[in-house]
Amino acid sequence: MVHNETSTGVTSNIAAVRRAIDAAKHPALLLVDTISGLASADYRHDEWGVDVSISGSQKGLMLPPGISFNALSVKAIEASKTAKLPKSFWAWDEIIEMNKTGYWPSTPNTNLLYGLNEACDMLLEHGLDVVLARHLRWAEGVRAAVRAWGLQIQCADPAVYSPILTGVMMPEGVDADAVRKIIYERFDCSLGTGLGKVKGRMFRIGHLGDSNDLTLMAALSGCEMGLKLAGVRLAGSGVLAAMDHFASHPVSLPRSPAMDAAAPTPTRVVLT
Amino acid sequence: MVHNETSTGVTSNIAAVRRAIDAAKHPALLLVDTISGLASADYRHDEWGVDVSISGSQKGLMLPPGISFNALSVKAIEASKTAKLPKSFWAWDEIIEMNKTGYWPSTPNTNLLYGLNEACDMLLEHGLDVVLARHLRWAEGVRAAVRAWGLQIQCADPAVYSPILTGVMMPEGVDADAVRKIIYERFDCSLGTGLGKVKGRMFRIGHLGDSNDLTLMAALSGCEMGLKLAGVRLAGSGVLAAMDHFASHPVSLPRSPAMDAAAPTPTRVVLT
Amino acid sequence: MVHNETSTGVTSNIAAVRRAIDAAKHPALLLVDTISGLASADYRHDEWGVDVSISGSQKGLMLPPGISFNALSVKAIEASKTAKLPKSFWAWDEIIEMNKTGYWPSTPNTNLLYGLNEACDMLLEHGLDVVLARHLRWAEGVRAAVRAWGLQIQCADPAVYSPILTGVMMPEGVDADAVRKIIYERFDCSLGTGLGKVKGRMFRIGHLGDSNDLTLMAALSGCEMGLKLAGVRLAGSGVLAAMDHFASHPVSLPRSPAMDAAAPTPTRVVLT
Amino acid sequence: MVHNETSTGVTSNIAAVRRAIDAAKHPALLLVDTISGLASADYRHDEWGVDVSISGSQKGLMLPPGISFNALSVKAIEASKTAKLPKSFWAWDEIIEMNKTGYWPSTPNTNLLYGLNEACDMLLEHGLDVVLARHLRWAEGVRAAVRAWGLQIQCADPAVYSPILTGVMMPEGVDADAVRKIIYERFDCSLGTGLGKVKGRMFRIGHLGDSNDLTLMAALSGCEMGLKLAGVRLAGSGVLAAMDHFASHPVSLPRSPAMDAAAPTPTRVVLT
């Protein structure tokens, strides 16, 4: 199953699925794709009883794309030893063996491994609690904007809203990809397209990784201008709603002393 | 004189000063500081009869700080040969001599020279006309926001508005630096402080160099939220006014084919 | 088959194998691994009738590891459509389809694609003829050193010597990995280990990609010092032999004007 | 005075000059240029009673050129307050005042300041004792090569040999710059030229900063080949002499545990 569905902005209750498998005494392994979820939404490989977690570098880990990795349960490793299906990505034995001495069976993407080491340091320095709370707050701000526009959030159930991205449905008759094209060409901002059966029906706003309130305000401004230019009638200003949200919801967890020591000057200087 | 006054957001009419010097038949050299002006506001060393132009890497040339340079008229070079005042920055003879063979009398900042070469290529690829028009348009958008807030633009004369930055005056009784502190701490955005006798009376919003409409919307959003949090009563939303401006004023000059070929993907991907 | 065998320093005659397949009228596809060969040794996918060429970023293309790619013949593409074996790396249809519009079915390693673009520009600016001649000359210099040491080159047949690396056999009783350890710990130089059945019997010296005569002299100096420190009796100085070779064999093909214009200063300044 | 004379490869006894000034009860300030000396040769601003030390980023601090800085004694600061000569580089009062709150009176070269912070961490992680011993050992290896060639070291007094660079005198009738040109064009290695009255009579080999035994072997190989190609008759092989030196003189101080932890893989991989 997928932890955070990147194409829709919906999260899944992994622990509940584990409980259902266990209740049914079913021997299936629980495989979870947390490519876009890891380090932006709460995720607990061991505690939730996941057998195989799959993630990658290019989302919450704030790196360029290029590496993917697995976390494995003992049960998954055991199952792998006797599995008969042809496998390549899931063939872990050689990797596990060589990792013991710090090596890899083939040539790994070394520069991304250095980057991953740094990204993990950054996340742990902030504290995972702080990082996850930050994404929840951003997501609420973006959803406040979508509601103010009078548009529909693709994820119908608030219990599984994604802290990573929000899918924005277009009114009947509006081609979402035409809106995306205007926003890209006029405002240099590239939004995610609708995939599969919602192609042309929605676009996606990301609020993950190395962002802050103002990068989201930039994105929302681009959306609001682009929607209007595309002729979409908006109920109100999502930009004002998001500002109301961000201004009235200070980050509750304090910046850690380590962060302040490490970053005496802001990393995003857009003004002089 | 100063081409673009960074501390106030006011430009000067260099050509008019040259004409006044000439009309008075005064032998003075015309020295112009265009550190923040070059490559963001129209500037013509030869055509305007400037004797010494001074600029640097860190503004419109889009580089880190670290190098400064002069353009010289024949008259300035001649005057330098017989000048009696002690000089160091203005002692060009050794530099001119060694530059003939591509060298420098002391160890130059080589990495910024490579960067400068690239920055000039970028500016010329866009076309200076395009670059200068872009800054004028951004400045109008930011001033639209300031007016909508009901605040005063520091530069009183529209004829000399700066395309590079806008000084925003605070109402009586508001400490501009307290506002800046809120914007920095809450929204990770560092605004320029008031200098000299306007210290604490204003802050500055930059709209120069490697920006786009949405980086300015980010900055204006940070200002609007910070002003409100600081208790400043705003007449209206500057963010809405700026969006109206940017959406209703498309960039009139087309992107050059070279740009499109060079940049098939956007350089500022803030959404996924 | 393998174009350049990285573990031994042996090249293969691809064109001859193609002719043998054709003479036997055998329908097999000719798959060639040119991961370490491409852009350092002569290789001709079309002319030699290769069906599938496999290469990667991290050897002659002078990039960090992280991407691998295929070149395909029409015959290979056709065969793929009806192939019944499970396949993942060899499943090209979706890639071919999306490449038409400049996209990729999954998230590609974008930063390495930018690097690959630059690496290709560099190679074509030098000229492939120049690049290939350069590697042949380096290989001869390194082999001159090995012969002067009185050691054996792993590749027994001069007709298939690799221009990319040279395998150096140790005398009986010498542990090649102990020699490698000394060279690494004392001289900060990491040599390739013997793989498979020559483990501990040989080490490998690379002479590929972004090297020059002096980086090879550095490597050979490290080897010569390390061999002596390990107690290996050398017949003579390989370093002197390599210097004789490099000094008496100037690069026959001139540097292109484009290179000189692009690189007025040396890229490897080790002295001041 | 100059701590390490970059144009000749001679160091000065700073402490002795201080004692001479004190013995003469002379009020002069002791100003020392340690641009090329700092962090490669022993230097003690406080202990040696220096009033003003001047250094820069581009030598032992292993950074690109672009910043220079001073260390000041209380006596120098006091003298500065009443000095009547025009001054710019030596006008410290505004800098000292603003540094108290972490600022700078003009725009500093921020990216080099970040680099300087990292360079200082690297030096202190190795330990200054280790760094200085390393340079002394490199210098002896390079001088062993010059002696083996039968050429003269420019610095006539072994007591003041520089650990940073070695000046190599040419025999009568040999144009040092012609030798340098061959080494640059044939071997991509740029050596320092003779300055002032030794122009054309010598060249300089640097052994400072971020080097290792093999980068020096690369440089010495380039010199030996270039000298021979220029027709200089050499008494013997400097390259062999330097290898003898480096192989028989292991670095006496162990690598620190911190270094090994920080750098599990070599930073200079020249072989594969």
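For reference, chains read A, B, C and D in written order, and residue numbers begin at 1 within each chain.
The criterion applied here is as follows: contacts are C-beta pairs under 8 Å (C-beta built on N, C-alpha and C of every residue); 3 or more make two chains touch, one makes a residue touch a chain.
Please read all numbers here as calculations on a predicted model, not as lab measurements.
Averaging C-alpha coordinates per chain and comparing to chain B, the farthest chain turns out to be C. Taken over every residue number at the interface, the positions common to chain A and chain B amount to over half, indicating a same-residue contact. Separating the centre of chain B from that of chain C, both taken as means of CA atoms, is a distance of 49 Å.
In terms of their C-alpha centroids, the spacing between chain A and chain B amounts to 37 Å. Chain B and chain D have Cα centroids lying 39 Å from one another. The multi-chain contact residues of chain B, meaning those touching 2 or more other chains, do not exist; every residue touches at most one other chain. By the touch rule above, chain A contacts chain B in their complex via residues 6, 59, 165, 184, 186-192, 204-206, 208, 211-219, 221-222, 224-225, 228-229, 237, 239-240, 243, 246-247, 250, 265-272. Within the complex formed with chain B, the chain D residues making contact are 56, 58, 64-67, 86, 88-89, 107-112.
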